[in-house]
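Shared between the two complexes below is chain A, which has chain B as its partner in the first and chain C in the second.
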Partner chain A sequence: MRNRLKVLRAERNWSQADLADKLDVSRQSVNAIETGKYDPSLPLAFKIAKIFALPIEKIFSDDEVAQAAE
Partner chain B sequence: MSCETDVTGRVMARQYARDMAIAALIYVAVLVVSVFVVRRLDPPQWVAVVLALASAAPALLMMRAYMRRFNAMDEFQQRVQMESMLAAAAIVGFASFTYGFLESFAGFPSIDGALLWVFPAMTFVWGLAQIFVARRYK
Partner chain C sequence: MSQSSQVQRRSPRERRKTLLTVLTFVFMTLYAVSFTADLLLEINLFWLTIALVLACTVCAFGWARLLDEGKINAHYVAWYWGGSAGLMVSSLIFVSLAPVLVSPNGMDAFIPQQLAAFATNLSFAAGFLLAMIPAAIGYVAWWIVLVSRR
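== the complex of A and B ==
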């Protein structure tokens, strides 16, 4: 799964630690999600969407769908 | 959701270290007494059984301390823990299973008190596995 977490975070000038605090997770978790090494659970994905005030599909996208769109 | 953020993580780590230290102290104290009684006083069987169970009991305190810490972790940290534990169970389980066959079929020496080492070996391999599993997600 791909995500735009890093870009969205940078747009808001948030560090990984800032986002981790808002999500109530560790900084390592934010890093693992950003690098695409770890896919968050649905509740955490919704929490991320809520914090960025965006629909979930504007943040996360399926690999195959993203490749087809490119 | 109760998660282990960087700040609460440090607090939880301190509490975990304290709980583990207390459990380790109790373990050493019980073990010293148990070894002394069993080796020097030649107690009746039921006393030896009670001492054996008492020596193992502090491990339950360690497990409780770990479970408390595990429950405070976020989903990613829990995943790292579970993958590491799975690796440790697979490695130690397979090693002991294999050695059992070598003992039975090929006359390899029987290790005295081998079962006693399964839990510490799993803990050691689990700790080691965490380094490699965590690295995979960086």
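== the complex of A and C ==
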């Protein structure tokens, strides 16, 4: 699973800690999601989508689909 | 923003998590002391030991409920890889010691003569610790690697 979390966060000038606060998770968890160490649960993914005001598929994409698009 | 984040991070939830972590370690230490006293001094601390184990369990559950899903995932990974690797080491030790352990009074060689009266208890404790300590070391090592990478 790929995600655009880092880019979206940078666009809004938010630190990992800021995003972690908004999501009510730890900064390490945000870092782990950004670096692809783990995939968030559906509720957390929806929460992320809501915070960025974007559809979930604009933030997360399947590896194979992303590779095909490239 | 960051400063307010830091203040929020030490919210009641975080403080409760810290408190439960400290309490778990305190109860675990007391448990280890009571277990050792029970084992070596033959003081019957059965109910105290049960109470300490229950207190540890309650605190540990409370602490686990306060973890966010990223950390829960990290603990799963650490237990799966680190704990399994540690248990493999335990298995190798058990297998290599098997010829000694299955022979009559085989543990005597490992137990100092002064403690011979407690040989049964010590054998049991040694077996338990031999299984758990490598797994715990593996878990901690994997956890340190995960934390340092994140």
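Methods note: the second predicted complex is superposed on the first by the 70 of 70 C-alpha atoms of A that agree within 3 Å, B and C clash if a C-alpha of one lies under 4 Å from a C-alpha of the other, contacts with A are read in each partner's own complex, and residues count from 1 in each chain.
In the analysis below, a contact is a pair of C-beta atoms (placed from the backbone, for glycine too) under 8 Å apart; a residue touches a chain by one contact, two chains touch by 3 or more.
Quantities reported herein were computed from a predicted structural model and do not represent experimental measurements.
In the superposition on chain A, A:Ala45 contacts neither chain B nor chain C. With both structures placed on the common chain, the touch criterion links A:Ser15 to chain C but leaves chain B unconnected. Residues 17, 20-21, 24-26, 28-29, 31-33, 35, 37-38, 40-41, 44 of chain A contact both chain B in one complex and chain C in the other. Listing the residues of chain B that touch chain A in their complex gives 1, 3-7, 9, 73-77, 79, 134, 136-138. Put simply, chain A touches chain C in their complex at residues 14-15, 17-18, 20-21, 24-26, 28-33, 35, 37-38, 40-41, 44.
Chain A meets chain B in the complex at residues 17, 20-21, 24-29, 31-33, 35, 37-38, 40-41, 43-44.
Interface residues of chain C, counted against chain A in their complex, comprise 1-2, 4-6, 8-9, 68-71, 73-74, 77, 147, 149-150.
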